[in-house]
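I have a structure here, written as structure tokens, and I will follow up with some questions on it.
Order of writing sets the labels: A, B, C and D. Residues in every chain begin at 1.
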Amino acid sequence: MKHESRYERLREKTHEVIFEADTFWGKTFDVVLLVAIVLSVIAVMLESVLEIRLKYGNILFIAEWIFTALFTVEYIARLWSVNKPWKYATSFYGVIDLLSILPAFIALFISGAQAFLILRSIRLIRVFRVFKLVRFLGEASVLKEALRASRAKIIVFVGSVFIMVVILGTMMYIIEGGENGFTSIPKSIYWAVVTLTTVGYGDIAPQTPLGQGLATLIMILGYGIIAVPTGIVTSEMAKKGNIIHSNTRSCQHCGAEEHSDKASYCYKCGSEM
Amino acid sequence: MKHESRYERLREKTHEVIFEADTFWGKTFDVVLLVAIVLSVIAVMLESVLEIRLKYGNILFIAEWIFTALFTVEYIARLWSVNKPWKYATSFYGVIDLLSILPAFIALFISGAQAFLILRSIRLIRVFRVFKLVRFLGEASVLKEALRASRAKIIVFVGSVFIMVVILGTMMYIIEGGENGFTSIPKSIYWAVVTLTTVGYGDIAPQTPLGQGLATLIMILGYGIIAVPTGIVTSEMAKKGNIIHSNTRSCQHCGAEEHSDKASYCYKCGSEM
Amino acid sequence: MKHESRYERLREKTHEVIFEADTFWGKTFDVVLLVAIVLSVIAVMLESVLEIRLKYGNILFIAEWIFTALFTVEYIARLWSVNKPWKYATSFYGVIDLLSILPAFIALFISGAQAFLILRSIRLIRVFRVFKLVRFLGEASVLKEALRASRAKIIVFVGSVFIMVVILGTMMYIIEGGENGFTSIPKSIYWAVVTLTTVGYGDIAPQTPLGQGLATLIMILGYGIIAVPTGIVTSEMAKKGNIIHSNTRSCQHCGAEEHSDKASYCYKCGSEM
Amino acid sequence: MKHESRYERLREKTHEVIFEADTFWGKTFDVVLLVAIVLSVIAVMLESVLEIRLKYGNILFIAEWIFTALFTVEYIARLWSVNKPWKYATSFYGVIDLLSILPAFIALFISGAQAFLILRSIRLIRVFRVFKLVRFLGEASVLKEALRASRAKIIVFVGSVFIMVVILGTMMYIIEGGENGFTSIPKSIYWAVVTLTTVGYGDIAPQTPLGQGLATLIMILGYGIIAVPTGIVTSEMAKKGNIIHSNTRSCQHCGAEEHSDKASYCYKCGSEM
């Protein structure tokens, strides 16, 4: 145990309160922070509603600056208390923390930048930590893992869909023409995406029998190929689930894991199990 | 067999008729009750249609009070005949039974409360019991089990979707602005949900090329990530199905499991089962 | 071999041509019949288009009666040539065959009945037989089997969805009211179904902030619970697939099938495999 | 090593540069080609936008002919350098390459043919080769394999859906009639597809209570049966995944299969693998 100055102890204490959630003050800090984030997000949302801005604009303006001051102090405290400030500043959370205060300052010079304050909502994912929902983060990593494993298949799928909508959209542009709303190829491609993904706004809709016939094909196509991403993620997830399932056994001799449920001998060292 | 007063016997008989469905009268009671529930739900629905209310308002008003009287008597009879009235009153069915009569009485003082009578429709789930569809309830519990097991993953997923729509909605608000219907951030978030879930009303639709481009991304995103909840529930359900199907039997001699349902001999050591 | 009259031989020959598809004439008959069915379905469709009816009404009227005469002759020939006419008449195909000629005759007395001629399109499923696509019918039976096995779960699911939309629709009726298109509870329930199933016509859309908030919840709900029927059918189909997969082994001693892939002994008679 | 003329060597070099991607020049050529394809697709899209055509029409017209010249030279070079020109010309890529230059020449005689230049976008799939994303093509073949294996089931499903929408569309035509937008049977079938696939434009929507009731049924049907194609593809994909993952290794001593990828010893008999 080395000698620590008062300054050092304060810094350590700050770090404990801000970055950890196991002590009473650490938990309290996190809960207060979360409430502040939620409130600040709500404030930005409310400010965008005309009627509310006209009535309570001043209050919201003040509230916004209080939140910005709070988050700025917090950001500086984080930078100060952490051992490797640069590592924190360039980490995912660090960038998000910075993005949640920057727009307010930029808005002093450029009007409209305030809307970007909504980026603060990304900070909401801290909620998982506060309520000690580590299990939730574990689940999230299973989801992320399944998505990563099926990344290549998903890119192939999205690429094929992209080429599909370009061709189908152009065909509709040729068939329907500008008078029915298909005024350009990009707009027709936009329509093809709206239809293929079964969103179907209805702001543009085919009017000619041929166009409606092709639209029917696109819809059934979209209805059918939604099975593909689902199939990809599901089979990947089922596989992941199996690996987790079989991870409970380990060889007493060599410590190898991932044994089959029916294994009588270790697959790695050959000793009986 | 202890001596029972006439009062006690009546109470027991009432309990048998109301709560059980094995005897003739128990079954009859349940069928009559179900018909009454269905009719009362239909009555409330019909009353909300202007043309019907103008014509048959009186009849429906009377019908409603007859149903309320009936359900009130039934509720009191249940409370009276059951051994632990408080346990029943606080049970799921008890609360639903109370909720199905309360609005009629409250409507005497506050107009409009009648619409809440529709809560009676929740009572329709009794249908599963009457037709002895216990098997159906078993299936329901498999569904519930699968949903519960994947709860954590679903919360993570919904949370991520929530943050996603907040950010995407705000971006559309900045890009499109009020003149194209994106009058506020909450409304733009509402639009983002409409689009991401592939509902696509079309009451608000992007008009600028940039907005339509971002909308295209949101649609493809929504089309793709629907695979995630499906993958979660499916893999969970497949796991459940396997466990139910296979893990119940094991060989007394060698302990091997995962026997076929029709097995008479162990597939591993050949000994009789 | 018993003596057969000329009449009997004609009847047998007719049966062979009409009901079987292995001989040259049997195949030819089926192909001609299919073309006739497709043409008659197209004729009924075209007749419903005003411009075409005005121009070619007479031709279509004649065509329709030619098809009806053809199908009537075919129906009588089937009844006559088959050994158990009543069994055919009450079979699935028999009823469909009758339904495809009846409307034309009924239309002589009741106008508008012609539209029911479209029921002829059901006869299109004969296509699978003609092209000897027995394999396709096998696949269809796998689909049917999977749907039947998951019937109970599907009923529970649809029942829950039904109760859900009744309650959500009523809530929207209370929140939005008639001025925003939610004029009655049945109409609001209709809207709730449109939203929950992610169809989203947009003919009725919530206008109040509270209504849009609830609509958001319904959409996310609908987006999420679509995973449930998918999960049911998928896990059922995967199970079916496995059973088919393991059906390739059979015991030489007792002939039992459906052995586990790893079985060393027959699960039924205990003999080594 | 046989003697080669200068002509032969040039031809071989050209083949290497155009068809292969391993050398520096081969890679450079592919990247340049890809950029040209992307730019030409964008040029065709932009030309269809009225405002852009009016302003930059001349530039786009020149750009288009430069791209066409480039692709024509490339096509001739491919035909010349390859050993079996006819085989290339009739291959998938060969046809696509031809289709990407033909429309420009046809447009000299028939106006509007230019739009077909968008077929060039199909050439984008070359992207997978350039970035050496052979792995991606492997994934694509897994997808293709899963789709091919489930082809029969998908045809049965699409056929059933087709018959379903014909009947449901006709029923809506009878119920709603022309005054509510259901002016003909083909249009009503179009509406039925829009509804069943949960696209829901809203350009046609039922107005009568009976029509809305039937629409509700169609929506729930469409919401439910989307599970069928998903189930088909998923179970097929899961099967494929399992076969790839597990069936490749077997013990030389006891023949046991389904070994883990990391196994050094058989889990059943303990002998080295």
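Just so it is clear, contacts are C-beta pairs under 8 Å (C-beta built on N, C-alpha and C of every residue); 3 or more make two chains touch, one makes a residue touch a chain.
What you are looking at is a predicted structure, and each value in this text was computed from that prediction instead of being measured.
Trainee: From the C-alpha centres, identify the chain that is farthest from subunit B.
Mentor: D
Trainee: Subunit C-subunit D contact: same residues or different, taking over half shared as same?
Mentor: different
Trainee: If you tally contacting C-beta pairs, which pair wins, A-B or A-C?
Mentor: A-B
Trainee: Need the CA-centroid distance for the pair subunit A / subunit C, whole Å please.
Mentor: 41
Trainee: Provide the C-alpha centroid distance between subunit A and subunit B, rounded to the nearest whole angstrom.
Mentor: Roughly 29 Å, centre to centre.
Trainee: Could you say which residues in subunit C touch two or more other chains, in rising order?
Mentor: 186, 189, 198-202, 222, 226, 230, 232, 234, 236, 238, 262, in rising order.
Trainee: So in the complex, which bits of subunit B are touching subunit D?
Mentor: Going through subunit B, the ones touching subunit D are 198-202, 230, 234.
Trainee: Spell out the part of subunit D that touches subunit C in their complex, as residue ranges.
Mentor: Residues of subunit D touching subunit C: 152-153, 155-157, 159-160, 162-163, 166-167, 170, 173-174, 178, 183-186, 189, 195, 198-202, 205, 209, 212-213, 215-216, 219-220, 222-224, 226-228, 230-232, 234-235, 238-239, 256, 258.
Trainee: Looking at the complex, which residues from subunit C come into contact with subunit D?
Mentor: Per the touch definition, subunit C meets subunit D at residues 41, 44-45, 48-50, 112, 115-116, 118-119, 121-122, 124-125, 127-128, 135-136, 139-140, 142-143, 146-147, 154, 158, 161, 186-187, 189-190, 193-194, 196-203, 222, 226, 229-230, 232-234, 236-238, 241, 245, 261-262.
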